[in-house]
Amino acid sequence: MVDITQKQSTHRTAIAQAVVKVSRQETIKAIQIGKVPKGDVFSMSKAAGFLGVKKTADLLPDCHPLPVEHCAIDFTIDGLEITVEVMVQTFYKTGVEVEAMHGASVVALNMYDMLKPIDKGVEIHHIKLLKKTGGKSDIHNG
Amino acid sequence: MVDITQKQSTHRTAIAQAVVKVSRQETIKAIQIGKVPKGDVFSMSKAAGFLGVKKTADLLPDCHPLPVEHCAIDFTIDGLEITVEVMVQTFYKTGVEVEAMHGASVVALNMYDMLKPIDKGVEIHHIKLLKKTGGKSDIHNG
Amino acid sequence: MVDITQKQSTHRTAIAQAVVKVSRQETIKAIQIGKVPKGDVFSMSKAAGFLGVKKTADLLPDCHPLPVEHCAIDFTIDGLEITVEVMVQTFYKTGVEVEAMHGASVVALNMYDMLKPIDKGVEIHHIKLLKKTGGKSDIHNG
Amino acid sequence: MVDITQKQSTHRTAIAQAVVKVSRQETIKAIQIGKVPKGDVFSMSKAAGFLGVKKTADLLPDCHPLPVEHCAIDFTIDGLEITVEVMVQTFYKTGVEVEAMHGASVVALNMYDMLKPIDKGVEIHHIKLLKKTGGKSDIHNG
Amino acid sequence: MVDITQKQSTHRTAIAQAVVKVSRQETIKAIQIGKVPKGDVFSMSKAAGFLGVKKTADLLPDCHPLPVEHCAIDFTIDGLEITVEVMVQTFYKTGVEVEAMHGASVVALNMYDMLKPIDKGVEIHHIKLLKKTGGKSDIHNG
Amino acid sequence: MVDITQKQSTHRTAIAQAVVKVSRQETIKAIQIGKVPKGDVFSMSKAAGFLGVKKTADLLPDCHPLPVEHCAIDFTIDGLEITVEVMVQTFYKTGVEVEAMHGASVVALNMYDMLKPIDKGVEIHHIKLLKKTGGKSDIHNG
């Protein structure tokens, strides 16, 4: 685990993305009108995602535990693709990009888990970091 | 959460895949010759993945806790892509596909986390279920 | 911890209740029309409750870990009181009443946490077991 | 999750209460003379409560993880009622009232769990915040 | 992780031991008369040990999650040495010896943690398996 | 739990040790040439140890949760004995010695768990604090 005892705390943000692709328009419809049998897909996946962001250091050996001071999760529907965007912020000595990516992956998996009974063809694509600010170098990916 | 009290236990298997794409041949080399500063990428990510598989029901609200009775994790390198394959087995009333997918995502994220200091362009693609057997319907995806 | 190695598995159910009392009619309204700033109170609290049920043995030293095989959470609004009902089922050697009660308490606390910014007077009353079946003795409380 | 990145750390305290009501004087006696078969009810419930306070952000999606810097748990017996008081302190950007309430609920549930074999009529009442200091507004409830 | 899907469940027991050595007779006395400032050392360490036994598979990657169906923890004082004995039982496909050893280590560490303010010379010796029954081969160590 | 709200953060280090004794030279050999069936013993145990250090406050009731800002784990082989050394650092109000000792115990247990199939005589000795700096008093044990 990297030694960060001597680093300064700075304001850090990271935005990660996951793309969940369903196989039928009916699945999108079921989410939108609240007819997925397991419940409200976006609200419950957001709850799972918040917890996932906070548990990152519990799962990844090298990750530093850190004070997650803000997390926001948004969903955008485009055809059969739902884009999940997870934004994490902290004021600490190390960045939150892995936290954001873990959150995005947990949200996507929870959507998969909730949609499985009504759509066998759900896939998860492109878990990636869109943006980070606050460390030695900022990153901005399209 | 789906009611499984009346279901029969059967032998279940699931194999999930994640693809980790690095940006430079040097990264692959560093993994192979054991020169990644954070340590042995495959062994440590396997450890994280085993724990991830077991913690699936801790993170996803609707997932049933279940006895993970076997887990194997393999890595295949092809050019700049590393394919992670996670196989999970149990003898229980419900399947282990979400467990396998969660394991694959944790392995991929841990690789991302360990490789981050030497390669800023690592991405995670295609977390998907390759195969499942043992429930009402088997699934075989290419 | 009680020794249950020699007990037979039987079908067990438990229903527990918590009562959340808000201080103003506007709070009930905000929940119903989805205007609570932290999000959908019932869906997110249900997600927290499912996880809480599953983590009971993680928090209470004497509780046996057990396969939670069904969980359902319902909400009833009556004036300023919201009654939370958590039903848990398993097929195992010991009952699920503490799991149901822990679930009810986590749901209630999560509602408190989400409503706090708009209502300073939320209280949690009467976490109790309403019903249990499947062990040596059944319990039915009004 | 509320954005607290720009807030100042201040000294925060919160005191929460839960009331555990047993059904018979013999139960109180058994606790006092150390004859509850599952062990020392107050010490073991205090252990569970300390852990419960620390795990609040693990269970409630919107709760910020925070440095719990002090926790004290006290018990007062009055007839058939045992009042649990949980005090939590930190020096951080957000308050610890939900932590104190979660601690109180875990202590009460653990007492319920330990007393269940000798008293089927234990109930949990009034999980509420008694006092908080250190944020925008202090609260003092009777 | 070893594949146990095809194994038969049998009754398994394991007893593990840890030895905690304090540096002064006053420490033993303080434990016995309940004057350790952090609280009742044996009761609180027993609570920690029960939880430790149950969380073994959460910490050790290769450990199978399993139904802990009995756990008992005893303490014996001999001069400056306190011997902790942790017995675990299950009816399952694999043994509980690592669970018993993890429990013994958590109990010993918790004693160390609680005694630290009054005795700087506490040490932990000999975490070992005393006995196991129920698998392919029984083990009995003096 | 000790009240640390009024303490100053300082730089803290702790080094703890555990000794794992195997019963046969072949076991040492198998570790060194990577022929232990469960995988790379040192890398996987290091992963478990990092997670163990971070989860100390999850298991020990009185431990404060704290920002683990550095952790390093080393192994030294001497005959049949493998010495595990765990170093932990933070910049916080309380020390990390129990974290280091918990890490050492988890590493040792994981080695035991991985070696069990090839060596029935593995034992864990001397979990102790070697050194701590940064609090009221430094400790240096041989």
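First chain written, first letter: the chains are A, B, C, D, E and F, and each begins at residue 1.
To be clear about the criterion, a residue touches a chain if its C-beta (ideal position, glycine included) is under 8 Å from a C-beta of that chain, and two chains touch if they have at least 3 such contacts.
These figures come from a predicted structure and were not determined experimentally.
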Let me spell it out: compute each chain's centre from its C-alpha atoms, then which one is farthest from chain D's centre? B
Interface overlap for chain D and chain E, more than half of numbers shared or less than half: same or different? same
Distance in whole angstrom between the CA centres of chain C and chain E is 32
Which whole number of Å gives the spacing of the CA centres of chain B and chain D? 38
Residues within chain D bordering two or more other chains: 2, 39, 44, 46-48, 51, 55, 58, 61-62, 65, 67
Chains that touch, pairwise: A-B, A-C, A-D, A-F, B-C, B-E, B-F, C-D, C-E, D-E, D-F, E-F
In the complex with chain E, residue positions of chain F that touch it: 2, 38-39, 44, 47-48, 51-52, 55, 58-63, 97-98, 101-102, 105-106, 108-110, 112-114, 116-117, 120, 123-128, 137, 139
In the complex, chain F touches chain D at residues 1-5, 57-58, 61-62, 64-67, 93
Chain E residues touching chain D - in the complex, by the definition given at the top: 39-40, 43-44, 46-48, 51
Contacts from chain D onto chain F in the complex sit at residues 11, 46-48, 50-51, 54-55, 65, 67-72, 89-91
